[in-house]
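See the structures that follow.
Shared between the two complexes below is chain A, which pairs with chain B and chain C, respectively.
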Partner chain A sequence: MFAVETLSLSKRYGKTDALRGLNFTVNEGEIMVILGPNGSGKTTLLMILCTILKPTSGTAKVVGIDVVEDGTKVREVMGIAFQEARGFWRHKPSSILRFHASMFDIDPAKRQDLIERTMKDLELWESRDKMFMHLSGGQAKRLETAKVLIQKPKLAIFDEPTSQVDLRGKRKIWDKIRELRDQGSTIIVATNEVREAEYLADRVTILHQGQRVVCDTIPKLKDAIAGGDIVEVDFEDPVSEKLVGSLNGLGGDVSLSPEGNQLRAKVSKAEDWVPKMTSASYVAGAKIASIRITEPSLDDVFLHFTGKALADQP
Partner chain B sequence: MSQLSRLVRIARTDFSYFFRTKWLMAVLISLSLSDMLVVGLVYTRLIPASNAIGSSYFQFLVPGIVVVGLFSAATDTGRRIWLALREGVVQYYLTLPIRTRGLVGAYIISGGLGGIVYSGALLIIAYLSFMLFGAPIPVQGVLYALTLIPFLFVLSTGIAGLAAFFASVSRRGEIYWVYAQALQVSMVTVSTVFYPAQTIAQYLPAPVATIAEYNPLSLAAGVLRNSAFGGNALETGALANLLATSLPLAVIGALAYWIILRTIRLKGKP
Partner chain C sequence: MNRVLTLAAYNVRMLLSLRTWFVLAWALFGLQIAIYGSLMSKLVSTAVPNYLFYYAIGLMVITVFDSGAEVGRHFVEHAHEGELPYFLSLPVSRGGFLAAQAIYGVVNTMIKVLPPLIGVLWFVGDLTVQGAVFAMISMFLLGLGITGIMVSMSFIAFKSVDLYSAFLAGLSALIVRFSTVFYPLIFMPSFYSPISVFSPLTYGADLTRWVLGFDPNFLLNPILAAAVVTGVAVGTLSLSAKIVDKVIEGVKAA
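Showing the complex of A and B:
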């Protein structure tokens, strides 16, 4: 059984199609990162999974339970940290957490201790006497995460958990999310930050315009784009169109910077391509200043897939 | 944890919100007390005792002020729903393991509680001020007041429902405050809280007088004057009318709030 499974899931708001026939699965015990640009439908998907939103068509199941048919049961097993923190404005963080814990039957004897520990872990302890409405954006986001950490749900959902959070805080939150997975929770994280995905993901689903573009582990996604390696070549002077033409003939995807002296090529194997390129350049009389070979980053993967999907649009 | 105990927790949290809003408490209490003491005592000098108002205007007005207090506290439910819609807390509530109707019930109940707790406090102050100014309170009166608690609770949920209705139809708009103000003025003005039924019948058209008579605030004020302060036996007719006028309001409010929650589920926002 999948921890989460959606079948041709669609959501339409008025004239906007936020999700378009999405098929999406999450395995039990993994961290699935949903990576997608703004407006790609990440939040919409998560809102449907946590039963706040009704899908327009299609189905979604959480641990085998249908989110429309049996919403209350779904809500018993899942917890969500919202993209925009939501809390009782006139309550202090600990009282918000206590309320949350009581809703999810956290053992009253351990509650206080758990809350204190989690608040300290997320560096919220210093803000314990402030009312929610006086918390900073980042502090409110930490509190949002703390709710789910205390709850330890079967399915934990984090919608951009570290937006507005400082660098140290990001690390803390990421480590805590991993710890939650290690304790047995299934986790979905939505983000548009590639670094976050890189740090957390067991698998990544790239969402674009309400559809799944691709879903795999990060190494496989990197392999999947245009072979594997990226070679960047700096020439001392701008190079001729003719050289670019002949380099294009060597295989791979070559592009030239506007100034004409910097070349970027996506090739399947740098060790085969580079010698051919250097001899072609030598023949054309172009002097090479430097060569850099890099693996594609997840950035490249993200841009590749979301860019390609964009190009596919009519 | 059962659905019921979750409902109670949510109601309690919402209820505590009423008392957390310090400025609101300060305004409410000072208004209630000044109505009771200043207005009551000054007007007593101006208005002679009569059949309609009983032995003094002070004794006529004070039970009415207790009802106005109940009204103000219960209508705060509307403000809290409106805030929850605006601050997005409603969406948080919608992720909790409770049924939608439990959520609706929680708000109506906490509105009922707010009204009863606040007016209960006023009632005690009212009794004390009666003693202070030498007006007698029959012992049975206190017993009748205790008996009235469930009825006042139902009235309070009705008022909360009405406020919930206006909060739901105004969604996140500032128009809510206009509705709230209009509700306050119309319900209190067209009632026998500040003046007896005879006076209304004398100066205003008959339909208005009838509305004032069956206004649940009038019914409650009447019962308080007659029994809780007057010591006369409770009138079942008045109590039945009180329930009959309050319950539909509670239902309307619950329905409106339920519809707004359903709208959020469909459109993603109120």
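Showing the complex of A and C:
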């Protein structure tokens, strides 16, 4: 059984299709990152999974429970950290977490300890008695994450969990999300931050215009695109067009810098291509100064599968 | 059930953190009775004996109306401030969520109305547990009906908050002014007394006065009043339960 399964899931707002026949699955105990620009349908999908929105058509199940037919049961097994952290202006973080813990039947004897530990882990303990309206954006986001962490749900959903959070805070949140996965929760993270996806994902689903474009592990996604590796070669002197032509014949996409001494190649497997390239260079009398091998980023993956850069999206 | 009560208690704690407003509401009630009520009482005392008592109950009924309207606004504010998605993600049924809102409304109403009610009954020398309890039940039923109306109307707020505010102001003006909160039906001019029978406040106010022993000659038939107040409460709350399920589809999702 999948932890999450949607079948031909569609959601329409007026004349706009937010989701278009989405088929999507999440395995138990994995971190599934949904990567997509704003407006790709990420939040709509999450809102349907946590039963706040109803699909226009299709079905969605969480641990086998239909989100439309048995919403209350779904809400018992899932927790969500919303994209925009909101709270009543006078409430204090400690009381917000106590309320959340009581709604999810966290053992009263363990509740206070759990809340204290989680707040300390997320560096919220000093702010426990501040009013919600006095929290910074980053603190409010961490509080949102803390709700799910104390709950330890079967399915934990994080919608852009580290937007507005500083780099140190991001690392802490990411580590806590991984820890939650290691404790047995299934996790969905929606993000448009490539670094977040790279750090967290067991698998990535790329969502674009309400449809699933591709879903796989990050290494497989990178390997799947032509130019899975990027090789940058510096030559001591400008190289001949003839060498560039012969390197192009080795497979991949080779481009030369205007100065003529730097070469950038997108190749499927650098470990196969580099020895062939060095031999060809040796034969052509071109002296290599340095070689750098890098992987394409998820930005490149997104560009490859959607034809558009992630950062350029509205 | 436990979770519904926990959710209601959370909202009530939020309410109690604003206790200054309650003190101000009671003070305003006292001032209104002491100045406007007593002056009016002197002016109309020949037509309506003990008008001050009549007026005080009318003022309490208006407070119940305002309190019910506040629950509707509270619901809309939750939605617009982004808290509604959180509440809707909690493991309570939609009916349970509405019940928690209703409990919040009842507590809000009790806090605002009970001290003035006891004060007024004590002042007129008619303070009995039985009278206070029945008056509260009557106003509680009316409050539920008003809450149901306001929550049912909240779908307007999902289209436009301005339109919702304008609609509430208009509705408030009609329901309060065209009712018997301040004037007995028998004294109303014929060109607008028929409108009064459409205001639930007419029935709520007259029923409350009847249970407190006011002269029945100035009031509607208490059985009719009780039936209408109960019917409005049940009907509008059922309607609001259905509407809320549709309305939450309007919750913003990027």
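Things worth noting here:
The rule is simple: the second predicted complex is superposed on the first by the 246 of 314 C-alpha atoms of A that agree within 3 Å, B and C clash if a C-alpha of one lies under 4 Å from a C-alpha of the other, contacts with A are read in each partner's own complex, and residues count from 1 in each chain.
As a working rule, contacts are C-beta pairs under 8 Å (C-beta built on N, C-alpha and C of every residue); 3 or more make two chains touch, one makes a residue touch a chain.
All figures in this text were calculated on a predicted structure; none of them were measured in a lab.
By the touch criterion defined above, A:M103 reaches both chain B and chain C. Touch criterion met: A:C50 reaches chain B and chain C at once.
In the superposed model, A:Q83 lies in contact with chain C only, and not with chain B. In the superposition on chain A, contact of A:Y282 is made with neither chain B nor chain C.
Looking at the shared chain after the overlay, A:G39 reaches chain C, while chain B stays out of its contact range.
Contacts of chain A with chain B, set against its contacts with chain C after fitting on chain A, overlap at residues 44, 47, 50-54, 72, 75-76, 78-80, 82, 84, 86-88, 90-91, 99, 102-104.
Only residues 18, 38-39, 43-44, 47, 50-54, 71-72, 75-76, 78-80, 82-84, 86-88, 90-91, 95, 99, 102-104 of chain A touch chain C when the two sit together in their complex. Chain A meets chain B in the complex at residues 13, 44, 47, 50-54, 72-73, 75-76, 78-80, 82, 84, 86-91, 99, 102-105.
Taken in their complex, chain B has these residues touching chain A: 1, 3, 6, 9, 13, 17, 20-21, 83, 87-89, 91-92, 94-99, 264-268.
Residue ranges on chain C touching chain A, taken from their complex, read 3, 6-7, 10, 13-14, 17-18, 81-83, 85-86, 88-94, 248-249, 251, 253-254.
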